[in-house]
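The following pair of complexes shares a single chain, chain A, combined with chain B in the former and chain C in the latter.
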Partner chain A sequence: MKKNGSDIVVLGAGPAGSAAAVEASALGLYVTLFDENPVAGGQVYRQSPGIRSTASSQEQVQGDALGAALTASTVDKCFEHRVWQVERLQSGFAVHAVGPEGPVVREARALIVASGATERQFPIAGWERQGVLSLAGATVLIKSQRMLPGRNVVVAGSGPLLMVVAAAIIEGGGTVAAVIDANPRRAWWADMGALASRPDLLARGAGWIRTLVAHRVPMLFSHVLRRIDGNPAVSRVEAVPIGAGGAPLPDAQALSIQCDSVCTGFGLLPSTDVTRLVGAAHIFDAVRDTWQVKIDADQRCSLAHLYACGDGTGVAGAAAAPWQGRVAALAAAHDLGILSLGVAVEKMRPARRQRDIAARFGMAMARLANVRPNMVEGITDATVVCLCEGITRATLDAAIDLGCVTQNDLRSATRCGMGPCGGRLCEDVTSRLIAARTGLSRQVIGQPTGRPPLRPVDLNTLAGTFDYDSLPMAQPSPL
Partner chain B sequence: MNHFDLVVVGAGIMGVTAALRAADGGMRVLVLEQDSAGSRASGVNAGTLSLQIKRVSLMRYALAGYAWWKDAGDAVGFKRTGSYTLAFNASEEALLDERMRLKIAAGAPIEFVSPATVRAAESALCDRIVSATYCADDGHADSTRTGVYLRALLHDAGIELRERSALLGIDVGGVGYTLRTAHENVTSTNLLLATGAWLKPTAALLGADLPIEVRVNTVTATERGPSLLGAGVGHATGLLTLKQKSNGSFLIGGGWQGRGSPETGRGEVVGETLLQNLRLARFAVPGIVGFRILRSWTGFEAFVPDHYPLAGELPGIPRAYVLGCVRGGYTIGPCIGTLMGDRILGREPALPLFDPARVMKPQIAMHENIDSPLRTRSPTLPIA
Partner chain C sequence: MTGSLRIEAQVQRGPRARFTYDDRPVDAYEGESVAAALWANGVGHATDCAGQWPSSDMPDRGPPWRVLFCMMGVCQQCVVVIDGIHVEACRVLVRAGLDVRSV
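Moving on, here comes the complex of A and B:
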C-alpha cells in the first residue's frame, strides 16, 4: 500500500456512505470518505422538508446519530472534495479529486460507491424559461436559503415530492396555483400496503394534503403540463389530461393556469456515473423504470472489491441507505480479509433484514414518482430535450431515423447530453425517445459510456502550478 | 441473398471509403460493423486535419485525404482555420526546423513564421514562443459526425450496412469466405478487414499473425466560452493538438496515453497523464485557464513497428485484405481506403499501397483448400 493509500475509499457522505465509512473504520480499516459538501448528510439529512426528512423524522434521528458517529470515528473525512475521476488499477482503485488545496489522488484496495440519486426530469415545451426549477432545487431554495421560487407557483410532475414542495411554498407564505400529478389519484392507494409500514410518514403526508386542501390548492391528477409560456419569465402554463398510459387525451380541453414559477420533477434516478466510469455491470429495473448498478445481496458490484449502496443501487430511500452501507462495509471487510465469513455473515444478518424492510417503503414511494410509459407522445417536435445544448425532439428523432439507436450514437450525432450536465438531465428521456421510435427495449438501447470528469472541473485547478521544462514529454511522434 | 463480391468488416472511415470505391467499380458490397458506424477511432478522435503532424512519406496521402474531408464540408463540420506548430525552447526549435523542412519538401504548404507574427495573429497564445510554423490549409472537422456521415454515404451508394454485427469466425473455402456473426452467415468472394484496433484479432481468425499494438489516445473537451483562438495549435513534438470549435469549446489532444485494451473494449483516462496534457495546453494557450473540463475520453489507435499503414492482401490468403494502422488515420483514412478499393477491384492504385507481408514472419501458404478461382489474382470483375 502506498503512503497515500487507503484500505477503503467511500464516495458520498450521505446516509449510505457515512454508515459504510463508520462501520468499516470501526472494524479497523483505514477509510477515506469523499464528499463535495462541507458536511455529511448528503441530499437527505441536509434538507429539512418532507418525507426525505424533517426535524422529528426517523431519518433525522438516524442522521444525527450517524453524523455523531462519523465525527467520533477515525474516518479520514475529505469534505469539499469534488471527485472527478476513478481509475481501475491492477488491484484496487485510484480516486482523483479536487479539494480546497488542489488536486489529490487516493489509492484504495476497495471502493464503496454511495453517490445517491439525481432528480428525473421530463421535458415540457418552454421549460427553458426563467422561473422553471426542479423540485429538488426548489426544496433547497426554500429550506436552505429561505426563498420562494415565485409568488404563485405551479408544482408539476409525479411523486410525493410534489406535495412536499407545494406545502413548503404555502408554509413559506407563497401561493400554489396548482399541483399537477401525472399519476391518477388511485395510484396513491395502490401502494398503501407498503406505505402503511411507516405510519409516521403517512401521517406527515396527510399533513401536507391538509395544508393544500385548507388553502384550496387545485390538485389535478392524471394531468401533465403541455407548455410553459412567458417572455422571458414564466407567466402561464397549460395542463392537459393524460390517459392511463400517459399519452395526452385526444380532443381534451387544455387548462390555462397563470403563474410566475414552475417547479417540476418526476422522482429520482440512481446515479450511475462512477460505476459506469469503472466499467461495472448495470441492470435496467423495469419496476422502477431506471438503470442502476448491478449488485449482489451483499452490495457487491460485478468488479472485484467494488461495492455500491444507497439510492445509486436503485432508489429505496433514506431509511434503507444506512443498512445498505453497513452491509457493503461488512462485505468489503470480509473480502479484504479482516472478517471471517462466519463473523461477516453473523453481523450482516440483522443489517440485511433491516435494509430489506426499509427498502419496501422506499420502493413504494419510488413507484409513485414515475414517468408514465406513453408520456413521450406529448413531447412536441419543437420542445427542447437537452437544455445544455438546446437540442429539440425533432433533431433527435431525425438522428434516430438515420440509424442512431444507442445513447452514444445519439450524443455523437446531435451533441445531446454533451453539455455541462453530462446528460444527467436528458439521458432518461432520450432513451425513451429511441425506444418509442424504434421499438427497441430500453435495456437494448443501454446507457451512454461513462467519461471523466464526473462533474465539470476547472482546468486551471487541475493543471495547478508547474514548470514547463519539467513536463514529462514522451518521444516525439515518428517523422 | 447472402453472397457478396466484397464484405468489408469495420464501418470506420477506411472500411467505408474502400466499400464505396468497390461498389462504384461494380461490386456488390456488404459492410459489417461490431458496434455503430464510425463509433470508434473514426468518431472519437480530436478531428484534427493538420498536414503539419503527418509523416513525411505519407504527405501525398494526407493531401488527398484532406481534400476528401474538404469536399464533405458542412456535413462533417469541416473548417479551414490554419494552424501553428510551436516550439518553446532550443531543442524543440531544432526539432521543428528539421521536421518541417522535410514536410515542406514533401509538398505540404507549411511556412516558417516569426513568433511576433504568431502573437499578432493569435493574442491568446503563450509569449514564450521561440519558433513556429504555419499551415493555412490546416483545420478540423467534427469527428462526432463521422458515423452519421458514413451511414449516409453508404445509404446513398446502395451499400448495405449491418451494425451491431460482431464477427465471430471466418471459414475459408467453397464460395470464398464465410463470415459468421451472431445473427447470420454471409459469404463473399473478397474480404476486407478494416477493424482498426481490432485488426490483430480479426486477422487471427484467418490465421494471420500481425504484429499490431495499440495506443490509447486521450482527448479532452472544455465547456463553451468566449472566442479566444481562431487557428489550431500544435507542439513541435506533436504532443499537443488544440483548437477552439465554432461553438466555443476547446478540444485538447496530442496522443497522451490512457490505459485499456480493445479486447476488453474499455479505454480509461489516466488522471496523472491527463494533467500533463492539460498543463501543456495551458502553457501554450494561457487564456484557456477560465474554462472548465467537461469530458475526457480515449480512443484506440493500432500501429505496427514501422508506424506505416497496412493496406494490401494477406500473404498466402488470396482475396483477403487488411487495411489499418494508419498514423493520422482521420485525415489520411479516406485516401488509403479509396486506394484499397481500387486494389480490390484489380486496378492499379494511384499511389502505392502498404504490403502487410513486410511486417509478417514468412508463412507457409495457409489455405490449400481454397478453390482455384479464388486463387486467381487477376481482376474478374468489369471495371467501370
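Moving on, here comes the complex of A and C:
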C-alpha cells in the first residue's frame, strides 16, 4: 500500500478543485489531487477520452484550458482514484483511495474539498423503469458520449438544465415530446436581474428556447409528471398541472404523452458527504433549499486546515468555482505559514470579488431549479422513494408516524438510504417527507450521519493479496 | 432503438470494439462507457439493488430494470460485474473482448 505525505490534498478535479490545486502548487506547496474520472473537468467539462466532439463549444474550450493548466503544474495528479474514506489526524488528514494500482493512503496537513454536486431527484410513480434517466446523466450521455437518451424524449423537472437537454436532443437528431417544468414561467422573469449580469449566457439560453420553439416542442410550465408507464421500458407519461405551492390541483385533467425515454432532475445538491464524514459544521440555505458545508469568506470550514470550494459550498456554478478554489488555496497557504497575511489578503481581494460576481448568476440559476414546497403532496403511496431498497412512500410515512424524525431514524426503521447509493438519490426527498408529516423544519431534521465508504469499493482490492499462512495466528489453548 | 441512438454529427469516435454482455456480443466503440454502449444496444438488466425488491408493498414489481441513470458513478443502478468485480458500467470504458456480466 502506497503511503505518502503532502502539504495539501485536493478532492475533486472539477473547475474548483483544479484551480485550487494549480494555485497552491504555484505557491510552492506539494499538492495531491484526487479524482475518480480519467481526466480533469468534473461533471461540467466532462469528456470521454476516446470520443471527441468536433463542434467547438464553450465548455470544451474551458475544459481544455483547465486540463492544460493542470498538466503544466507540479500537482501530483491521481486520476481514476476513488476516495472512500477521509480520517482526521492529530495534525491534518488521511485520505484513503483505490486507484488502478490498488489502495493508496495519502496524509496531508490541509485538505481542500471540491467534491461538487449531485442532481436532486424527486420520485415519480414508475421512475424505476428502463428509459428513465437523470437530467444530468442525459447531459453526460449527449455531451461526452454523443448519444441520445431516446428517439422521442420527455424532459421533466425544474430549472435551466431542462432547456439545455431538450435543445441538445433536437440538435442531436432526436425528438422532444414535451418539456415539463414544475416552476411557473414567471420564475424566469423574477430572476432576470441576476441573469442579465451574464448576457453571454443569457444569449445561449435564448438560443435553446429558439430551438425548442422552432421545433414546436410543447413546453408545460407549472406541471409535473404524475406517472411513468411501460413494461419494462417507458412508453408513456402522464403530466398534471400543480398549484403555486406545488401541490397537484384537484380535478385537474392529466395529459398523456407518448415517449420512449424520460429525463428528469430538479437542480443540484451540494455534495456534503466528505465534510460530514470529517465532522465539519453544515448550514441549511433557505434560499437554495439545500444543505451545504459552512465556510467563512475565505472558504475555511469549521475545522482547522479544512477548506471547501465549488458547488459543495452551495451551488454557484462553474464560473464561480475557480475563484472559490483560488481563494481556498490562498487561505490554506497562509494557514500553513508560507504566505504572509498581507500578501494573502492582497492576492485574495480580486479573486474574492470575481467569485462573488460569478456566484450571483449561479445562485439565480440554482433558484430556478428549486422544488416547490408542497410538491411532496403529489407523491403517491405506492411510489418508490428509495430506488436501492425498493421502499415506497407508504412505508416511510408509516415509519414517520411511529416516531422517525431524522434520516438516521428512517435508515434504522426502513433501510431507506442504506442501499449501494448511500442515500444520495433519496435523502433530499426523505427529509421533505418528514417535514411534511411532522411539521418540523428541514434545519431541525438535519442530514444523515456521514459514514465510510464514501463510494462503494471492492473489499478484495482493499485487502490486497496476502498469504493466509503469514497471518499471525494464536496457538490454540491447551485442553 | 438499436444502434440509432448514437449521434452521427460532429463527433470522432474511437475504433470499433466488440465485447460481450452475458455472453451476447455487443458492438461499440473504444472510449464509450460500457453503460452507454449497452444503452445504445437496447440492453436492460435488473439492478444490483436487491433490497426489499419485490417488496411486500409491491409484490408485482421487480427491481429497477435498466442500464443507466445518473451516468456519474453515484446512483449504482448500472452496476455490472467485470473481472469478478462489481463496478459501475458508466465508469468503465469499452475495450474489445471485455467480459461484462449482469449482477
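Keep this in mind: the second predicted complex is superposed on the first by the 447 of 479 C-alpha atoms of A that agree within 3 Å, B and C clash if a C-alpha of one lies under 4 Å from a C-alpha of the other, contacts with A are read in each partner's own complex, and residues count from 1 in each chain.
By definition in this document, contacts are C-beta pairs under 8 Å (C-beta built on N, C-alpha and C of every residue); 3 or more make two chains touch, one makes a residue touch a chain.
Treat the numbers as computed from the prediction; the structure is a model and nothing was measured.
Novice: For the three-chain model obtained by superposing on chain A, do chain B and chain C clash or fit?
Specialist: In the superposition, chain B and chain C stay clear of each other.
Novice: In the superposed arrangement, does A:222 touch chain B (first), chain C (second), both or neither?
Specialist: Neither partner.
Novice: Applying the document's definition of touch, where does A:36 land relative to chain B and chain C: first, second, both, or neither?
Specialist: second
Novice: Is A:430 contacted by the first partner chain B, the second partner chain C, both or neither?
Specialist: Neither partner.
Novice: For A:420, decide between first (touching chain B), second (touching chain C), both and neither.
Specialist: Once the two structures are laid over each other on A, A:420 reaches both partners.
Novice: When the two structures are overlaid on chain A, which partner does A:392 contact: first (chain B), second (chain C), both, or neither?
Specialist: In the superposition, A:392 contacts chain C only.
Novice: Taking the superposition as given, does A:134 touch the first partner, chain B, the second, chain C, both, or neither?
Specialist: second
Novice: Please tell me which partner, chain B or chain C, touches more residues of chain A.
Specialist: C
Novice: Considering only C-alpha centres, what angle arises at chain A between the directions to chain B and chain C, nearest 10 degrees?
Specialist: An angle of 90 degrees, rounded.
Novice: Let me test your reading of the model: by the given contact rule, A:460 touches which partner, first (chain B), second (chain C), both or neither?
Specialist: Both chain B and chain C are touched by A:460.
Novice: For A:150, using the defined touch cut-off, is the partner it touches chain B, chain C, both, or neither? Pick first, second, both or neither.
Specialist: A:150 sits against chain C, while chain B stays out of touch.
Novice: Can you report the least C-alpha distance between chain B and chain C in the superposed arrangement, rounded to whole Å?
Specialist: Between chain B and chain C, the shortest C-alpha distance works out to 5 Å.
Novice: Chain A residues touched by both chain B and chain C?
Specialist: After superposing on chain A, chain A residues 415, 419-420, 456, 458, 460 contact both chain B and chain C.
Novice: Could you pull out which chain C residues touch chain A in their complex?
Specialist: 1, 4-14, 29-33, 36, 39-40, 44, 47-49, 51-55, 57-58, 61, 63-77, 79, 85-87, 90-91, 93
Novice: Applying the document's contact rule, which stretches of chain A touch chain C when the two form their complex?
Specialist: Within the complex, chain A touches chain C at residues 36-38, 43, 46, 48-55, 118-119, 128-134, 136-138, 140-142, 145-151, 172-173, 232-233, 260, 382, 384, 386-392, 394-395, 415, 419-421, 424-425, 455-456, 458, 460-461.
Novice: Can you name the residues of chain B that touch chain A in the complex?
Specialist: Residues of chain B touching chain A: 36-39, 43, 53, 55-56, 88-89, 95, 99, 102, 128, 144-148, 151-152, 163, 221-223, 236-239, 255-257, 259, 264, 266, 268-272, 274-276, 278-283, 288-297, 307, 327.
Novice: Please give the residue numbers of chain A that touch chain B in the complex, ascending.
Specialist: The contact residues of chain A facing chain B are 84-85, 87-88, 94, 96, 103, 105, 279, 399, 402-406, 408-409, 411-413, 415, 418-420, 422, 449, 451-453, 456-460, 462-464, 466, 468-469, 471-474, 476-479.
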